[in-house]
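Two complexes, one shared chain (chain A), two partners (chain B, chain C).
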Partner chain A sequence: MTANTRKISFEGLRELLGGYFFILPAVLIFSVFYIYPFVQTFILSLREWNGISLNSQFIGFDNFQEILQDGVWWLSMWHAAYITLIALTFQNALAFALALSCDRDIRLRKFYRVVFYLPPVLSEVVVGLIWQWILYAGMQNGEHVGLLNYFLTKIHMNHLVHAWLSDPKTALTCIAIVHSWKGFGWGFIILLAGLQTIDRQLYEAARVDGAGSFSIFKNVTIPMMIPVFVMVMILTILGSMQVFVLVLSMVGQGLVYHTEVPVTRILASMTGTSRFGYACALGIVFGLILMVFSFTLNKISRKFKQE
Partner chain B sequence: MKKMFFVVLSFLFFALGCSSAKQSNTVTVWHWMTDRQDAFVKLAQQYKKQTGIDVVFELYAPSDIYSRKIIAAAQARVLPEIFGVLGEKKKLVSFIESGFIADLTQEFQKDDAAWEKSLFEKALDVNRFEVDNIYKIKPGLYGVPIDVTNIQMLYNQDLLAKAGIKVFPTTFDEFLNAIAALNRVGISGFVSGWGEIWMIDCFASNYAFNVMGEDKVMATYRGEVPYTDEDWIKVFNVFKTLRDKKVLIEGIVTKGNKYAEQDFALERAAFAFNGSWCVNVYDKMNSALRYGVMLPPRINPERPMLIWGGAGSSFVVNDISRNKKLAVDFLKWLTAKEQQVFLAQETKNLPANKEALPLIPKVLADFASAMDLTTHPSIWKYNEDPLVVEAFDKGIQAILIGEAEPAKIAAEVQKVKQQEMERQKKR
Partner chain C sequence: MFHNKYRAAKTLTSILTHIFLMAVAATCLFPLLWMVRSALMTNETIFTDKSFIPQSLHFKNFYLAWTAGGFATYFLNSVLYTVCVVFGIVLIASLAAYAFSRLKFPGKNFFFYIFLAAMMIPLPGSFVPLYVLMTKLHLANTRIGYILCMINVGLSLSIYMLKTFFDKMPSALEDAARMDGCSRIGIWLHVALPLARPAIAVIIIFNTLNVWNEYVLAMLLLNDQSLMPLQRGLMVFQGSHSVDYPLLMAGLSITVAPVVLVYLFMQKHIIKGLCAGAVAG
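On to the complex of A and B.
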């Protein structure tokens, strides 16, 4: 009896340890690459540190208090929100329109798919530099060097010629449009995949019932696509709020604070003013804001699904 | 038997993995100088032939990426034998305090200070810490300049001639007249990479030294003179004048220096504000470009126009590296006359070794002639708080785009200065 119990408990223990043993690599990787950096970032956010020195000073929640009063930080959040808003509307509307077109039996359908997916594949730095040249404002021998201004003068719309990236009224919008141009391909692919999962029989049934094209679109396509829309929205929000490479490659260190976005602000705090602790605090606040956005959208999505 | 074999093999792998690496004869150098990489590699090959020591130059560019890399490497304690620290002196101080940079004073003073004497003093000053320095760093020399540089203005001889200007301007009024003449014939006046805000800071500090002198500038940094002082308003007004008189090329506030260099090299602007490294850049972009070097035109004739300059690029030796001695020997070789002449001819940078000067091209010699007028934040006794510098530079951008006037910016910068002084006092 005793031997039997011992045997069971040994096997049970072995099974238990075996289970832990199998999840150990995942736990280790998750701890080292996710939990440790996060904890370390939080610890640093409570300190004043220049990023190099071995000494840092504990300052409690001072960095977080300072964030509340940091007008430039909240301005950068607003700029990111503006870029996101343009991406959510202009970028996703374009992506959906193109996805709808490519979902039909049109000629060169595959070619269009490749072409529309090209911008997201390009490096953000390359895209930024190309658009910087397109939007360039200088002249040589009486002719505009930038493609857009050159084109505008050629079609006699000289009143629209502009220093696009160094005017506070247009700089951020230009960045937002370029960001949308670069990003619409992602939305296009996801939305096209979503459209193709809709059962064709639903369309046929609707047509048999006498529904017109708009009615089918409104009552079949849109409701079936809602989960995909929500996913594209979440990805758009996360991607657009974190935009920064494009900003750096298009306007360098910025046009006063008119093109400042959260990540450039975090970078400026780290490398510009050497305030790593403050930069970590900004990173945590920014991460929390994005998490709240994602959770909220996820909840909304679930609610729609249930309905 | 099979099991035994695997156990022994595993043990061997483990033991080899844990044993300390044998000290290799390789010196690794991290740098950011894209224009010098080829020349460095050639020199490394030559050094290998002469000494049998491998030197590996690893390029990380652009400079802001490089700066982030060395900070990350310092945090992980994986810096190479030789590297450079970019930015203000406080950054160099942080690396020294953390024990990452070797004090090279003894090496410089060997053989009756032969190494030290061969190099430009102004270039050495950038890495020198005097007795009682404000950073409380042990006095000594902590870096090796491999070239010198200064930042001045350049003028395009052909474009000036097109506008009927025979002599380049030396005063600010003459400069404005020249710009008006250029604008009349449809030529843009002035270009610079002011999208990189340190260049705005550099230009502004030239005028601050010219308007009020070094003592008053330092007094401002110490918090004894406010930015609302009339002399600082004059400095801000320089930018307002540049804006109002249409001196600047379109889009200057967001223009990176590479684009500004392209504009000047392709004759889209008659004047530029750039460092001596531009000689190499312009040569590659437009070898037919005819241009000259001039100091920024003075506002105040009573004081000299001091310009930023000194050590162009410096290397430091990693104090915790096992190949420290090899690294120092290589730097001595790199800064010797022959190698410096080679570097100057190949890369068109001003050599750090004085003995190499007679053999350099004329434009570089013109740049070199102003070395006595150079100054640099790295050798100033006091440096402004980075947050104030940011407010100052962004404020100037605001003036340039017509969004604010000098008095308003001065008040805003002073507000940031006071906030920072209070914050420092609290801690």
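On to the complex of A and C.
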């Protein structure tokens, strides 16, 4: 009798430990490389620390107060918002137009899908360096070396020739356009997948009721797609606001304020001025702003659904 | 009459649609072709010859980039990191996902939600304490340090994707194996993993691309050129040889070629993974 119960409890214990054994490696790695840095970000944000010395100083919310008056930081935020705005409008409109074109029985659909998703599988370093070479502004023997400027002189549009990536007026727009070039194929795939889940019978029914193409588009396609739109918008915002490898590979890592984005500011606070606490505080402020954006968009989309 | 008009309009829209789609497709392909084309020029002809197909093709650049440019080291490092990280992720994530889906133990949901939350909450500055931690543990500037960090990066999404797959998978075979006295580890290895092959394929390809294309952690953690993967190597190369564009383009081509090959053969899985990832995020 006692032997029996002991056996059961032993089995139960084994069962219990078995589960933990399975998740142990994942939890270990995750705790060390995700949770610990996550918590440390908040602790460090309240401190002033140069990253080397053994003691750091507790300074309360001074870092956060300083952020409020940090002009370069908010400028970098505006730059990221500008890139995001172009991605939200230009990139997503293009993606949706392409998705609509590929949603019907059209020849070469597979080919288009493969080609459009090619830029998104390339790395930001690769994309940035290729475009940097195309936009290159150097001259040799009185001829433009970069393809774009060379092309512009050949079609007699010399007034458009530009130092695209060093001119503060054009650098950010170039980055935004290259970012959109890299990203539209991703939006295309998601939007196309969304379009293809719409029941074809809805279209048929609308057509039988005498609705024209535009009216079907407005009253069937758009309402059905709103959840997908919101998801694409949220992911575009999160991705574009955090862009920075593209900036490094296109314009380099020098102190060029006209192409600063939030993540390059965090990096500069860390590796440049060795203010680790301030860098963490910047990260927290940035993360909170991103969260507020995606939560608000989510809320708005829920409201749409209820109506 | 009406029918013909309708048909003509349809053909016209179809032609216009194709022109639009072809134009966009051309902008996708052209920069890559221009990269390969620039890799085949010499340091002189690249500044003078602007034709799309140059008069003489200079294949030596690939050899020079591979040897003198250091891309052999970068390439082998990238392969090593990718293989180790992807193997680690598949092993660790499938163990955890199997437990989250099939086994019973207290705190199961708590742990799973922590992994989920990690995917939802963006914390852009967390690489600062991560760098500090790696330095303290003497893992900065080591291969194992970079590999562990990258395993962590891919873990949450892979666990999520595998768990949803296991949840949908019927457990009849596993139950039969248990009746036959197979241990849980045995069931996981011999029954569950082979059945989950489609999901594992998605995870392998998704993470392969992710590791191959990673730059941020490689920049923060690796300082020795002998340890750098391709993406980091490219940026270092560009910084020091900023004039030598043909070699840089050859290095870029070396970096891109495996990605394009993997992509062309596996694009079905890649797109599946993308949609799953987007829904989770």
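Just so we're on the same page, the second predicted complex is superposed on the first by the 268 of 307 C-alpha atoms of A that agree within 3 Å, B and C clash if a C-alpha of one lies under 4 Å from a C-alpha of the other, contacts with A are read in each partner's own complex, and residues count from 1 in each chain.
The working rule: a residue touches a chain if its C-beta (ideal position, glycine included) is under 8 Å from a C-beta of that chain, and two chains touch if they have at least 3 such contacts.
Quick caveat: nothing in here was measured; it's all calculated off a predicted structure.
Superposition model on chain A: chain B and chain C are shown in a clashing arrangement. In the superposition on chain A, A:Gly185 contacts chain C only, with no contact to chain B.
In the superposed model, A:Val251 lies in contact with chain B only, and not with chain C. The larger set of touched chain A residues comes from C, when the choice is between chain B and chain C. When both complexes are overlaid on chain A, the residue A:Glu48 reaches chain B alone and has no touch with chain C. Using the contact criterion defined above for the overlaid structures, shared-chain residue A:Ile130 touches chain C, although it does not reach chain B.
Look at A:Leu238: by the touch rule set out above, it reaches chain C but stays clear of chain B. In the overlay built on the shared chain, the residue A:Gln201 is in contact with neither chain B nor chain C. When the two complexes are overlaid on their common chain A, residue A:Thr273 makes contact with chain B while staying clear of chain C. Only one segment of chain C in 21-29, 57-65, 75-83 or 219-227 runs into chain B in the superposed model, and that segment is 219-227. Counting contacts by the rule stated earlier, residues 51, 136, 140, 145, 252, 270 of chain A appear in both its interface with chain B and its interface with chain C. Taken in their complex, chain C has these residues touching chain A: 14, 17-18, 20-21, 24-25, 27-29, 31-32, 34-35, 38, 46-48, 50, 91-93, 95-96, 98-100, 103-106, 108, 111, 114-115, 118, 121-133, 148-149, 151-152, 155-156, 159, 184, 188, 209, 212-216, 231, 234-235, 238-239, 245, 248-249, 252, 255-256, 259-260, 263-264, 267, 270-271, 274-275, 278-279, 281. Partner chain C is touched in their complex by these residues of chain A: 15-16, 18-20, 22-23, 25-27, 29-30, 32-38, 40-41, 44, 51, 94, 97-98, 101-102, 106-108, 111-119, 121-127, 129-131, 133-134, 136, 140-141, 143, 145, 147, 150, 181, 185-186, 189-190, 193, 231, 235, 238, 242, 245, 248-249, 252, 262-263, 266, 270, 276, 279-284, 286-287, 290-291.
If you check the complex, the residues on chain A that touch chain B are 48, 50-55, 57, 59, 132, 136-140, 142, 145, 163, 165-168, 171, 250-257, 259, 268, 270-274. Chain contact summary for the complex, chain B toward chain A: residues 64, 67-68, 71, 74-75, 90-91, 94-95, 97-99, 186, 188, 195-197, 249-256, 259, 263, 266-268, 386-387, 390, 394, 397-398, 401, 403, 427.
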